[in-house]
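Below are the structure tokens for one structure; questions will follow.
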Amino acid sequence: GCGSGGDSGSNGSDESTLAKLKDKGTITVGIADERPYSWVENGEAKGATIAMHKKIFKKMGIDNVKVEEVDWNSLIPGLNAGRFDAISAGMSILPDRCKQAAFSDPEIMYTTSLMVKKGNPMNLTDLKSVKKKGDVKLAVLNGGIEDGYAKKMGIKISQTVKDSQSGMDAVSNGRADAFAMTAISLNWMAKNNPDAGVTTTPAFTAVIKGVKQVGAGSTVFRKDDKKLLKEYNKILGNTITDSTKDYLSVVGKYGFTKENLPPKNVTTKKLCAGNLKDLQ
Amino acid sequence: MPTQLDNARRGEPAIRFDGVDKRFGDNVVLRGLDFTVAKGDRVTLIGPSGSGKTTILRLVMTLEEATGGYIYIDGEPLTHVERGGQRIALKEKHRNEVRKRIGMVFQQFNLFPNMKVIDNIIEAPTHVLGMSKADAVAKARQLLDKVGLADKEDSHPSQLSGGQQQRVAIARALAMDPEILLLDEVTSALDPEIVNDVLNILRDIADTTDITMLIVTHEMQFARDVSNRVLMFDGGRVVEEAEPDVMFKDPKEQRTRDFLSAVLRD
Amino acid sequence: MTDQPIWSWDATWEVLPKLLHGFFTATLVVTVVSTIIAAILGLIIAIIRRSAPKPIAAAFTLIVNFIRMTPIVMQLLFAYAAFTSVSGLTIGIIIFGIHYSTYMAEVYRAGIEAVPPGQWEACTALSMSRARTWVGVVIPQALRATVPALGNYAISMFKDTPFLVSISVVEMVQAGLAYGGSHFRYTEAITLAGLIFLAASYPTSLLVNRLEKRLAYTT
Amino acid sequence: MGKYFEALGEALPFMLDGLLLTVELTIGGALLAFVIAVVLGMGARQKNIWVRGLCRTVIEFFRGTSLVVQLFFVFYVVPQLFDIKLPSLWVGIIGLGLNYGAYGAEVVRGSINSVPSGQWEATTALSMGAWQRFTRVIFPQAWALMIPSLTNLLIQLLKGTAIVYVILMHDLTYETDKLRTDTSTYFAYAVGLLVYFAVAYLFTLVMNALEVRAKHNLGRGESLREALSFKAPTKETAGASTGGGMG
Amino acid sequence: MPTQLDNARRGEPAIRFDGVDKRFGDNVVLRGLDFTVAKGDRVTLIGPSGSGKTTILRLVMTLEEATGGYIYIDGEPLTHVERGGQRIALKEKHRNEVRKRIGMVFQQFNLFPNMKVIDNIIEAPTHVLGMSKADAVAKARQLLDKVGLADKEDSHPSQLSGGQQQRVAIARALAMDPEILLLDEVTSALDPEIVNDVLNILRDIADTTDITMLIVTHEMQFARDVSNRVLMFDGGRVVEEAEPDVMFKDPKEQRTRDFLSAVLRD
């Protein structure tokens, strides 16, 4: 891969970032090998958010999308330290995060799923069923959103894994009975690893104390780059999220369905405010 | 009560070298060496540096293994035995049994720095001879008294002067009640003024016990006082053998004369 | 730049308990137990390599070198995949112990070689058994030289513990990163983790210095 | 299995890139670490309390905090505080150099201390200056003593480079991790372990050669050429065992 | 041509101790020691172990620093000077200047193991005195010839016997053309037979040069042959001072008599 850190972007005024990017015709985005959102395979960037970004940035007059593949935990520090200009990883929009960086309009609605042994021997359907069963060994991603769900629902987490691959390994070799993560990722993995002996439950939306945990992800920019964000949102709304047809034509082949297209009432502002009741 | 073995041993020399060879790689140090040390004898080995004196003591102590020939202790083979014209190595267990009758004092003392003086002395009696700790301590105190260090039993070796360390080393060797005592230049690492203290203790031991002694030393006066036989070595062979007075006053061989005149220059 | 200040005390108080939890349940446990394993196992390896028959010693050396020269993360993952009935924490403790024992073995080897030949010879002259020679004379002397290195390796083991996350053990640094990941605030977590490391490793090196002085033969 | 090797074949160019980066970081980091180790190690033995205190603080600081934390700081926090933005490779080499240099400082200090005091005294008796004494007498002797420990550190450094993923770099470990997605955990890490072992072994051979040479320069052991040739070892020079020159 | 400084120095003793104190912690080794060594003198220091003989040589060589009093070399202060009743330490630069006139040979030789014999000898002349390499090598060869080691210039110290190493060490000290030569038990680490070779070389140097020599030795015959004055030390003070023949045959003090009888036992 490409070794040295990007020298793109800056901490200067927002005017200059957008102008500079247009001038250069290249934007560098940070990704974290999250399939099927964005990853690098044989030197080539692939994935749903990459496909979106290629299209959107081209419309903005930025022809090239360069990727910088990093550890998940380095995405935000890397963005804020100016090592790249945007994060193309379908990051969840959460109130705490909104304080640190600027999220574009929602791009992906998240649903959760459980990865289980083939045949689903414990008959699990969702987190509620995990709680009811009681002695289910549940794995979650370190720092993942499901970690919070499970804790709030009072489910004992048996292990916290470093990445989705480790989660699948845990289910596959019996260290865990179920691995909770976003449905899109799990489906993609189950499909691409037929030998692993795992399957996924149908997607569900977690419910905590009667409130549906509506979640959505989007592209992340630095807080200062307001103009860049505004122009991005405009083109996103015009060309991707405006219709199911446009949406699926870009991301459909990555296993996305119409359920993943954000409805109009789900906005970044509401998600950042953290009041999920507004979104039920 | 003397056992049958003891009877068999009676009359045998304490140490017998029978055609002993010792090579280090290509370097032949001893070639077909024969000599005996009778029970109760005090034999001093002299000779130039590198002539093999230390090697002989180390062979007796089984710190080295002969490359040919046989060594007998009280008539018993030490490390090898001849059987049907073959030279057969003996088991470690056998060697250890024979070794228990032999004690050695080194030039560099080799006290165990991790043990107090008293523990240095009782270590082997308790762990090798299986003596009770109380007995071993009582005996150790007696020996420390003999070497004039009764007040040092709780010191560490590093807190003692060289002469004191060497005296402890002598006590340590004696604590095993050896029949044979090997002394390799036990005073050459000591300050000149202290040398006499150590030599006097050895004189005392020679006078009051009948331990067989094999001594390497450059202290000719001591050799004269203590030993009843002197062997002059050179080129891995015994060049001359005589009583001390004869050897020091009227050596027969030119080689001995040259050597003595170099060493006795004061 | 963000709207937020570089340093937030709210975040500090929020992340500190998580860090301490990770520190006490994983970092410290693994470091302490694995150090003990490494210290004992290392000595055993050193003795085997010195006194076992040549072919066995050579085979041992190859294995030891392999373990010593390859990254601990990969060893952790391998063992984790191979022994599925053993918990991550246990695997972590064992692999850390084994990995560092290969370093310790080198240190012991040097310590044993530094015991003067005269000490071995004195043991033979006193007809002491092999076992007693090791236990009573050689090991006590070799250990003295080993203490500083043992301290060094304990400290570096300490700092290798973040690798445990690859086998699903979340210790202090990873707990901090997880917090950072969900709140997008890393500075506090990372800085605090650094300070906790320092607060734990500096006393360790002081302790080692004390131990070293106490092991000197004079009292 | 065949499928795995196919995936390995495809990943090979990236594995090689990763390997190259790992080697670059190891060599760069090691060279910097060595310089830092010598400077700090010497500083920590100075009489001047300020110099000594400063060096000790730096040593304890870099030994005491972990490399992840240090890299994170230099790479992400420093650019937010000041307008300094170093490329990843530099940050990696600097971080590795400082961290392992601090460990190395203890090695350097220890070996300098074990040069017999008689050697220092001889330099004074010959009125040699501080620089001459150090470069021509003390260091060449300390060097032979420190190599084995430095070899250990070098191997640790090699393995430690894996941490650079936090500063956006794709080294051998990173690429091995990626290979795991397309093959299996066992397969990928088996490959990784073997590659690391090979590299480490190579480094060790080089260091061993340096040690043979250093010892030979002190008049101990055979020369490097002799060590590398397969002819029978030469006999020890006569007289070598008698003198007590080196206590 | 003699400079003004040289003229000033003329008539001054080579070494003068003026009320020198030396303490190690609580251990007072020298207390108010006064003595002088005239130019060209060969002075031997004798005395029991621990009396401070080595310490005196080390003070002159600036390997130790006196805790009180003054030492003068050719009338020049060595490390401290009195100014207005204050004892002021002199700069390292000054010490180094004075030090260049002094050479020392150690008991343990202390050759540099990382340099060949020839490099050991030319190291200081080239780097300290700034002599050209060719000159230094020529001189070194001459000195090696003198000590009988002309064929060893390309050997490493570890390839030499102890006696050979000590001869190289003597050549190394002489290569700096010292006005004062300090010798601290230069033969006690050597095999007895080899001692004479080294002593003969030193006798030769004493005969053929006018270097001031300060000697610590246990070789009484050598002390008698070479020195023109013997100082007996004990308890940090000079107990007795005399010409060698007087000192060894008819010492005045009881302490000296005791010491000599212990040392001269052969």
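Each chain carries a letter (A, B, C, D and E) given by its place in the written order, and its residues are counted from 1.
Quick note on the criterion: contacts are C-beta pairs under 8 Å (C-beta built on N, C-alpha and C of every residue); 3 or more make two chains touch, one makes a residue touch a chain.
Note that this is a predicted model, so its numbers are computed, not measured.
Chemist: Hey, how far apart are chain A and chain E in touch steps, shortest way?
Modeler: Step count on the best path from chain A to chain E: 2.
Chemist: What chain is the most remote from chain B, judged by the mean position of CA atoms in each chain?
Modeler: Ranked by distance of C-alpha centres from chain B, the top chain is A.
Chemist: Among the chains here, which has the CA centroid at the largest distance from chain E's centroid?
Modeler: If we average the C-alpha coordinates per chain, A ends up farthest from chain E.
Chemist: Hey, how far is the Cα centre of chain C from the one of chain E, in Å?
Modeler: Inter-chain centre distance comes to 51 Å.
Chemist: CA centre of chain A versus CA centre of chain B: separation in Å?
Modeler: Between these chains, centre-to-centre, one finds 83 Å.
Chemist: Could you tell me the distance, in whole angstrom, between the mean C-alpha positions of chain A and chain D?
Modeler: Centres of chain A and chain D (C-alpha means) sit 40 Å apart.
Chemist: Counting only Cα atoms for the centres, state how far chain B is from chain D in Å.
Modeler: Distance between chain centres, rounded to whole Å: 49 Å.
Chemist: Could you pull out the residues of chain E that touch at least 2 other chains?
Modeler: As it turns out, chain E has residues touching two or more other chains at 191.
Chemist: Would you pick out the residues of chain D that each touch at least 2 other chains?
Modeler: 72, 76, 80, 185, 242
Chemist: Which residue numbers or ranges of chain A touch two or more of the other chains?
Modeler: Residues 11, 73, 77, 80, 169 of chain A each touch two or more of the other chains.
Chemist: Given the complex with chain D, which residues does chain E contribute to the contact?
Modeler: By the definition above, chain E touches chain D via 61-63, 96, 99-100, 102-104, 106, 108-114, 123-124, 127-128, 156-165, 172-173, 176, 189, 191.
Chemist: Given the complex with chain C, which residues does chain D contribute to the contact?
Modeler: Touch residues, chain D against chain C: 60-61, 63-70, 72-73, 76-77, 80-81, 103, 106, 148, 152, 155-156, 158-159, 162, 173, 176, 185-186, 189-190, 192-193, 196-197, 200-201, 204.
Chemist: Tell me, which parts of chain E touch chain B in their complex?
Modeler: 48-49, 191-196, 218-221, 259, 262-266
Chemist: Give the list of chain A residues in touch with chain D in this complex.
Modeler: Residues of chain A touching chain D: 1-5, 7, 11, 33, 35, 42-43, 68-71, 73-74, 77-78, 80-83, 165, 169.
Chemist: Can you tell me which positions in chain D touch chain E when the two form their complex?
Modeler: Listed in rising order, the residues are 116, 118-119, 121-122, 124-129, 132, 136-137, 140-141, 217-220, 237, 239-240, 242-247.
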